[in-house]
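One chain, chain A, appears in both complexes that follow, with chain B as partner in the first and chain C in the second.
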Partner chain A sequence: MTTTHTSLETGVSSAGVGIFADALDAQAVPVTRVDWRPPMAGTEADLATVVTDPLRAEANRRAVEAVLAVQAMVVDVAPAHEVLGLQKGEFLHAGPPLSWENASGPMRGALMGAAALEGLVEDPEDAEALFASGEGVSLAPCHSRRAVGPMAGVVSPSMWMWVLEDPEDGRRTYCSLNEGLGKVLRYGAYAPEVLERLRWMSRTLGPLLAEAVRATGPIDATAILGQMLQMGDEAHNRNRAGTLMLLRDLAPALVTSDADPSDVAEALAFMGGNDHFFLNVAMPACKLQLDAARGIEGSTMVVAMARNGTEFGIQVAGTDDEWFTGPAQIADGLFLGDFGPEDANPDIGDSAITETAGIGGFSMATAPAIVRFVGGSVPDALATTRRMGEITLAENNRWAIPVLEFMGAPTGIDVTKVCRTSILPQINTGMAGRLAGVGQVGAGLVTPPGEIFPKALAALATRTRSRADRSG
Partner chain B sequence: MTTTHTSLETGVSSAGVGIFADALDAQAVPVTRVDWRPPMAGTEADLATVVTDPLRAEANRRAVEAVLAVQAMVVDVAPAHEVLGLQKGEFLHAGPPLSWENASGPMRGALMGAAALEGLVEDPEDAEALFASGEGVSLAPCHSRRAVGPMAGVVSPSMWMWVLEDPEDGRRTYCSLNEGLGKVLRYGAYAPEVLERLRWMSRTLGPLLAEAVRATGPIDATAILGQMLQMGDEAHNRNRAGTLMLLRDLAPALVTSDADPSDVAEALAFMGGNDHFFLNVAMPACKLQLDAARGIEGSTMVVAMARNGTEFGIQVAGTDDEWFTGPAQIADGLFLGDFGPEDANPDIGDSAITETAGIGGFSMATAPAIVRFVGGSVPDALATTRRMGEITLAENNRWAIPVLEFMGAPTGIDVTKVCRTSILPQINTGMAGRLAGVGQVGAGLVTPPGEIFPKALAALATRTRSRADRSG
Partner chain C sequence: MTNSPGEAGFTHVERRPGAYADSVALLQVSKDVAAVDGVRAAQVAMATPLNLDVIASMGFDLPETSPNDMVVAVRLDDESRLDAALAAVDAALAAVTKRGGSSESSEEAPRTIGTAIKRTGTALALVSVPGPNATVEAMDALDAGQDVLIFSDNVPVEQEVALKRIASDRDLLVMGPDCGTAMVDGVGLGFANTVRPGPVGIVAASGTGCQQLMCLLDHAGVGMTAALGVGGRDLSTEVGALATRQAMRRLDADPSTELIVVVSKPPAEDVAGELRAYAETLATPVHFALLGAGQPDLTASAEAILTTLGRTVPQWPMWGSAPEQVSSGRLRGLFAGGTLCDESMLLASESLGPVHSNIPLDPAHALDSSLTAEGTVMIDFGDDSMTAGRAHPMIDPTIRMDHLARTAADPECSVVLMDVVLGHGADADPAATAAPAIREAIASAQADGRRLAVLVSCVGTADDPQVLSTQAQALADAGAEVHLSNARATRRALTLIGAAS
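Presenting the complex of A and B:
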C-alpha cells in the first residue's frame, strides 16, 4: 500500500506519509479504507472517453498549478452595493440557482430577514408574499458575482463584505461578515435581535474593519490558513486560531483609529467571542484560489461545491459555469439542545468551497478536536484526510498537516477519480433548522449526492467527443 | 499491551486510548517503547522501601488530586519589588541554588544585564566584579519566592511580574513578562537594545497589562492551557494559540483604558509579534498547580524540575524544599544560523515546570508542528507522550490531547516509576549560547541527569525508614 496519490500525469510531487501513516492505515483499513470499488454505475463509457482525452493531463496540471499559486490577500471591507453593484431588491444566495418556490425554510427565513433589513418590508413575515410575487426582487447565486456565503449565504446591498484579491492578476472575491452562532440570519433566523445585530455590523463593525484593513495593508489569508492547519483548525467548522490571528493583525490599527474606543472594544469583543469569524475570510480565499482554474478546457477538476438547501451543485474547470446538481443530503452529526435529525434542513451553504480547496473535511486530520463538534471519531478524522487523497490531484505544501508528517492538504477534486472509486468528498458542516426562523440545530458530516459526478463526467465526455469530432 | 498507566493505588481513573493508540503503538514499539528495563542501578533496596511505604498510595492520591483541582487565575501584573518584596541588590535566578562562581555564561550575562537595569553599574561588563565580590548583591532561586523564570530566569526589583492566584486558598505564584526571542536577557544577552526593551516593558507594557488585567477581571490560565492543547501548542516551546487568546481577552480593556493609544498599539503589536508571550503565564500556572502538592509526607511525586545552566534539580512532594541535583545536559536539537552544539550552554530555566505539570514535552503529541522547532519526528512526538504516561501518576482530563483520542496530559512524575523503568522525563527546551551576551542559539530535546532520581529516592527511603523506626 502506498500513500502517494498524485497521478504521474499532473507532474506534481507527492510527500510520502511514511511509517506513521502506515500505522494509521493499518487501523483505518477495516473501517473506512476502500481498496477497490467498482466505478459509479453507468460511467464506464464516459470514463473511457474522458480519461483518454489528450487535453486532460496537461489541463489538470495547469489547473492545479493555478490554484496552488494564488496568495489570497484581504485588501478591503466594503458594502455589497459598492463592490458587487448589488441594487435594491437584488439578493444573492448560497449554492446553485434557486427559485423562491423551491427554497427551503432556512433560505426563505434568511431572504425574509434580508428583505426587512433592506427596508422592502417592515415585518419579515410580509416578505413571503413579496418573494412569491417576484415583484421588484430577484435571486442569484453568490458564485455568479464572485462571492460566497456560509449557510443560506444571503447577501443584500447594505451588507459589508470582505474583499480578497490575487495580487498577481487583480482578481477579487467577496464574502459577508460572520454573525456568530445560534440565532443568525445565515441559519434562517430573522428575529428582531438578528436584524439589530446586522444593522450594528453595517453601521459600526464594517466601517471599523474597513479602516483597520486599509491602515494595516493587505493581510495574507493563504498564510493564515497554513498556520491554522498547525493550530487545530480545519477552517470550515473550526476557525479559532484563524479568528485570533486576524484579531491580532487588525488590533493595533483599530486602536489607533479615530473611532470611538467603546465601538472598537465592542468590535474586538465581538470578533474575539466568535470562533467562526475567520470562516468568512477562509471561504473567499478558497474561492479566489479555485477560480484561477475556471475555464481550462479538458480539466476534470472541481472548482466549486455549493448547496442552496434544496440542491447540491458542483462546477468543474473544464465545463465553464455549468452547474451539475442533485438533491442536498441531511448531515449525520451532533445536535444542539433538544433538536434531532427531524429538525434538520438538507445541506446548505457555499462553505464547501473549503473542502473544494482541500481544507475543511479534507483536512480533518489536523483538527481532531472537531469530532466533538461534528461527530465521528478521531481515527475517522485521520482516515478521512487520507481517503480524500484518493480523489484529489495534488497536495498543497503551503497547507501542511503536521500529524500526517506534514503531508499537504489533499487539493483539487478530480471528477474522474470520484467516478472511478465511488469515494465521495467529505464535508464538515453546520446544520440549519428546516423551518424558517429557527437557526442552527447542529453540526455534522455530509457528502454530495453521488449522481452529480456522473452528470459532470457526461458533460466532460460530450465536450471531449465534440472536440474529437471537430479535429477528426 | 495496554495504554492504561494509572496505578490502582492512586484511585485516579484512566482513559483508555483505544484502537488508534494501539496503531501508533505498533509503530512506536521498535523505536522508543521500553517494555522492560532494569531499575536504575543501586535503587533496588530504596525502591523496596519506598514502594512498600504505607503512606505512599494515599499521599500520592492526595498529591494528584491537589494538583488537578487548581484553577490558576491571572489576577494582577505588578513590579517584583512590590509583590516579591525584592530589594535593591537582590536577584532571583532559574533552577536550584547557585553561586556566581558556578554560574554559566548565559546566567552571568543575564545577571550583569539586570545589574545595569537596576542602576548598580553603568556598564553591564562592570557587574562581573560586583557579583564576584558579593558586596551588596545576593542570589536566590525563583522557586524560593514562589516564582519561576524561563531560561536564566533572572528577576530584579524593577521587573513587572504576572501574578497568578488559586481562588480556593489565595496562594500565589509569579513570573516576569516575556521579552520575545533572539537577543534577550533570559538567554544571557545584555546589549543596549536588550536593556532598552526591558525599560520599555517596565515603563509601558507592565502598567498597561496591570490596568487591563484589573479591568478584565481574573483570567483562567488553566482553561486557556486546555484550549491550547487543542490548538497545536504544548505550552513550552509553542505558545502561539495561548498568546493569541491572552491578547483577545485583554484587548477590549486595553482599548478603553486612558492610556495613549500609540502605547496600546505598541503593546498589542509586541504581544502579537511574540509567539512565546504566554509561556510566562503557563509557567506560573503550572507552578501554582504543583505547589498545591508540596509537603505531603510520603508522596513520591515531583513538584518541580528546574535548571540553572549548571545543575538540574528536582523537588519532591514528600521531601519539602530539598533539591536533588546533577549536572545539566546539553540539548539535542536544531540550531539557529551558523550555531552548532559547541555553542550551546547546558540546559537552563524553570520552564521544565511545564513538563512537571504534564504539558511541554509530556504533551508533544498534541503539537506535532513542534518537531520543526525542537527536532525529532512526528512519530517520536506521539510516542513520547505515551511513554511519559509510564512514569506519571495520572491523566489530567482538563488538558485533553485530541489526537490521542482526548487522553489527558500525563501528569505527576513519580520518582519510583522513573527509577523502576529508567525512563527519564522528556523536556522541550530553548538553548542559550554558552557565552555571556550571545542569546539564543537553538532549541531541542533534553532529559534530566539520571542520577537525581535515585538521590531523591534515597531521601524518600530515609524518611520512610525513619518513620518506621519511630512507630516501630
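Presenting the complex of A and C:
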C-alpha cells in the first residue's frame, strides 16, 4: 500500500445505489457493479461480527493452504473391524447423528441388510425389531470415525475399506468399497443377491485389492482426481475415467498375484463394469483434504456436508465437531423407469464431501456428458461452477477445468459467503427409494436446507464474541 | 394481497418476498408505473418502516411484511387496469434491475465486493448497500488490501470501530460510514463536486461541509489534491478519529498537498484536542475547520484558508433577491445537508436562541416525529432517521418538497432557508423540482396575505454536471435569493427576520 493516494486507473467496485456507479461512468472511471442482494434473513449482525473477527482472514488462509496441500494416497484396503475398530453390533451410517426411530426407509433397509450380513439376524426383516430395541447395536456417523459412506453409507465390521493417507502427517480416512449399481445396500436394498454380492466383496474382492494396493504402492488419488476432471468426470455422479485409471494402476499387480485367475477376472469385470467404483476413493480423498482444516479457530470454511436421509448437516472448521442440521431435501432430477418424485427419499449420503472439496456439482462445468442427467444444459453447468466461485474461498489449481480456461475447482465453502449471497451449494446426487429395500430411483440436483448456514454462522459469531470478551 | 374497490378508485397492494432493488431504482419504478394510463398512484418500495409509513399515508392497507420484502401498491381508475399496471411494474423492475454489461461472456455479475475485486482488480470499493449490510462488503475491500468508501448510513458504531481498527492496522483507509463525499485521484465519489486540482487536501467528517469548502475554494480559484471523507462519527469519542488520522497521514505523505484542512461537525472535545496535537507531528500545516459554538463558520474557514495560502478572498456570489420586508414570523430551515443545517443552527442560535431540530445542538430541543415546534425549526432531511430504506434527499426530493409546501402554509413561518447541493451523484436537475416548489410556496403564502422569503444556499461549481450558475439562476427566477455561501444565506435570513447581529 502506498502512502499517497490510490490511483483509480483500474477502477472502482461498487455495491449498492446505481447512481454512484453511474457518476463514476460519467467521469470515465471503470466501474465493476456488484449485483448485491440482501443476505439470508436475520444474519446481518452475525455476519458483521464474523467478518470483522481478527482471526478470520488468517484462519481461512491457513485452512485453504492445509486443504490444498494434502496429497491423498491410497495405502491399503482392509476390513472395518481392523482399521476402524468396529465391533460386532456397531454400525456406521452416512450424515449427521441419527437414531433408528427417525431413520428413513433406505437407511433402515441398509442397516437391516448389514445386520444380516454380520449374522446378527437370519432374515434382514428381523433386524427391525433388533434396531428398535437397540440391544447390542449402536449407530454412529461415518464422519465420527474419519470415514465417509455413499448414500446410506452403512458400514459394518466385516466390510472392507479403502484406506487413504496423507504422507505428510499420517492422517487417514476410510470408505467402503463400491458395490455397483441397481439393487445395492447403499440405496437401501437388502435382497439375497445384495447380501451375496457383499459377501463376495469381503471374501474375494477386498483381499485381492489389498494385495494389489500393497504391491503397487501408494496410489495418488489426488492426482487421479486432477486427471479425471480433465477427462469429463466431475467425480461424484461420473467417475468413469477415474475408475479406469485406478484399474490401470492395479491391473498388473492383480494379474501377477497368486489368486485364482477366475477371481481376478471377476474382480476386473466388476470394477470395470461399475462406473462409480472410483467414487469410494474420491470421497475419502476429499475428506482427507478437508479434515486438514478441522479445528482452525476462526475459520468459516465448511469441512463436511452430509445427509442421513432425514437431516442434512454441515460441519465447519472453526466450530469443532458440531453439526448444524436441517431437514434433507428431495432432489430435482430424472427418474429411472416408472419411478417418480413420490418414490424418492430425501437426500442421503456422505458423498457431498466431493462438493465440499470443490468437485461434483461444483465442477459441473467439466462434465458435459452428464449435465442432462442432473437436469441442465451445458451453459447451466458453466454458470453453476462459476456461481460456486461466489461462495468459496479458493480455487484448487490441481483440479483445473479446461472449458473454463483451466480455472481451478471452486474449493472451500465459506459460511459467510453463503449467508451473504443466499447461493446454496449445488450437489449432484443419486436418489434412493423412499421405502426400505427398493434401491435407486433416480439422480439429480439438490441443495442443503438454507437455514443450516445461518445456524453455523450464529455459532461462529458466538465464539467470536466470547473470544473478544475474554481478550477485551 | 388485498384488492379493494372504493370511492378512491381500485387499490391493489401486493407483497413480493425476496425481491430486491435499491431505493433509487424503486423510485424510478414508482415514477414509471404512476405514469401509466389508468394508474392514479403507485408506490413500489422495500418494506422498511419509513416506506410503509409513506404507503400507509397514501391510503393503502398494509400487508404483513418483513423489511426484505418488496411492496407494490397501486391505485387505479378501476380494476380493469390492474393487469396493465402490474405489467408496467414488471417491465419497470426488469429495466432497472437489468444486469449491466453487453459483454459476450455468459458470466453472471459479481455478487459481492470481494468477487468484484477478484475479477477485475479494481483499486477501491464504494459501498452504498443498506447500513446493516455495509460492514461485510467493506471488509471484502480491506481483505483485498484496498481502501473503501462506505456511503451507507445506519452502520452500528461498534462495526465502524472494528473496521477502522483493522484498516488502521493494515495502513488502509475507511471513508465513512455515512460518508457522502470524497475525491480520490481527481475522481468524485458519492456526492462530489467537480473542482480543479490544487494544493489543498481535505479530511472531512462532514459531507456537505466538505462540499461547501470545496465549492467556495474552487470559486476562489484554489483547487484540491484530494478530499477524504471519514464519516460523521469519526471525531466522536467512540471512534476516536481513527480514519481522520489515517487520512491526515496519507495527505502528509503527498508532496502536492500544501495544506491539510480538517472539516467536521461539532467534534468531541477530547478527540479534537488529540487531533490538534497529532497535527503538530506532521510536516504539512493543518487548518482545522471544526464547527461549534463560537467557532468560525465554513465560509470564514474558507477565507482563512485563502489567506493562509496567500490568495485573495473574492466576493461570494449571489443570485436574485428576497423581499426586504417579510411578514413577522419564524425561521424554518429545510436541509439536505447535515453540516449545512448544523452551521445554520449555530449561527441562528446566537441571535434567535434555541433551534428545534431532528439533529439539535442541544438534546433538549429535539423535534418529535411531527417535525414541528414553536420557535425556530431546522430539519436535516438527510439524517439517518429520515433515510432508513429510502434515498437521500439530494436524490429524492419528495419528502423535503412536501414539507416546504406545509411550511409555506404555516402562518408562523416567514423565512425559509434551504440548501440545494449540486455535483455528481446528486439530482441531475434539482432546480426542476425545487424552483416550482419555491414559486408555489411564495405564491401560496401571498395568497394567505403573507410575504414569505426563501433563501437558498446552492452548493456547486461551474464545472458540475448541473452547472452552478444555471441552477442558481433558475432558483432565483422562482423568487428565491440564492447564495453560494450557506453562512451568507443564513445571515441574510437572520437579517430578514429581524435578528441580525
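In this section, the second predicted complex is superposed on the first by the 437 of 472 C-alpha atoms of A that agree within 3 Å, B and C clash if a C-alpha of one lies under 4 Å from a C-alpha of the other, contacts with A are read in each partner's own complex, and residues count from 1 in each chain.
Throughout what follows, a residue touches a chain if its C-beta (ideal position, glycine included) is under 8 Å from a C-beta of that chain, and two chains touch if they have at least 3 such contacts.
These numbers were taken from a predicted model, which means no experiment stands behind them.
Chemist: Between chain C and chain B, which one touches more residues of chain A when both complexes sit on the common chain A?
Modeler: C
Chemist: Check the residue A:Val51 against both partner chains and state whether it touches chain B (first), chain C (second), both, or neither.
Modeler: It touches chain C, and chain B stays clear.
Chemist: So in the superposed three-chain picture, is A:Val264 touching just chain B, just chain C, both, or none of them (first/second/both/neither)?
Modeler: first
Chemist: In the overlay, answer first, second, both or neither for which of chain B and chain C A:Leu382 touches.
Modeler: Touch partners of A:Leu382: chain B and chain C.
Chemist: If you stack the two complexes on chain A, which partner ends up touching A:Gly272: first (chain B), second (chain C), both, or neither?
Modeler: A:Gly272 sits against chain B, while chain C stays out of touch.
Chemist: Which holds for A:Arg172: it touches chain B only (first), chain C only (second), both, or neither?
Modeler: Neither partner.
Chemist: Where does A:Arg420 make contact in the superposed view: on chain B (first), on chain C (second), on both, or on neither?
Modeler: Only chain C is touched by A:Arg420; chain B is not.
Chemist: Given the touch rule stated above, what does A:Arg108 touch, chain B (first), chain C (second), both, or neither?
Modeler: Neither partner.
Chemist: Would you sort A:Lys287 into first (chain B), second (chain C), both or neither based on which partner it touches?
Modeler: The answer is neither, since A:Lys287 touches no partner chain.
Chemist: In the superposed view, which residues of chain A touch chain B and also chain C?
Modeler: Overlap of chain B and chain C footprints on chain A: residues 19-20, 23-24, 26-27, 379, 382.
Chemist: Where on chain C is chain A touching in the complex?
Modeler: 20, 22-25, 66, 68, 96, 99-100, 106-117, 119-130, 132-133, 135-137, 139, 141, 143, 145-147, 151-152, 156, 159, 162-163, 166, 170-172, 184-185, 187-190, 192, 225-226, 249-250, 253-254, 391, 395, 424-425, 465
Chemist: If we count contacts the way the header does, which residues on chain A are in touch with chain C in the complex?
Modeler: Per the stated touch rule, the residues are 1, 3-21, 23-24, 26-27, 29-30, 32-39, 41, 44-45, 47-48, 51-52, 54, 57, 379, 382-383, 386-387, 389-390, 416-417, 420-421, 423.
Chemist: Name, in rising order, each residue of chain B that touches chain A in their complex.
Modeler: Contacts found on chain B: 19-20, 22-24, 26-27, 227, 230-233, 240-241, 244-245, 247-249, 251-256, 261-262, 264-266, 268-269, 272, 368-369, 371, 377-379, 382, 402-403, 405-406.
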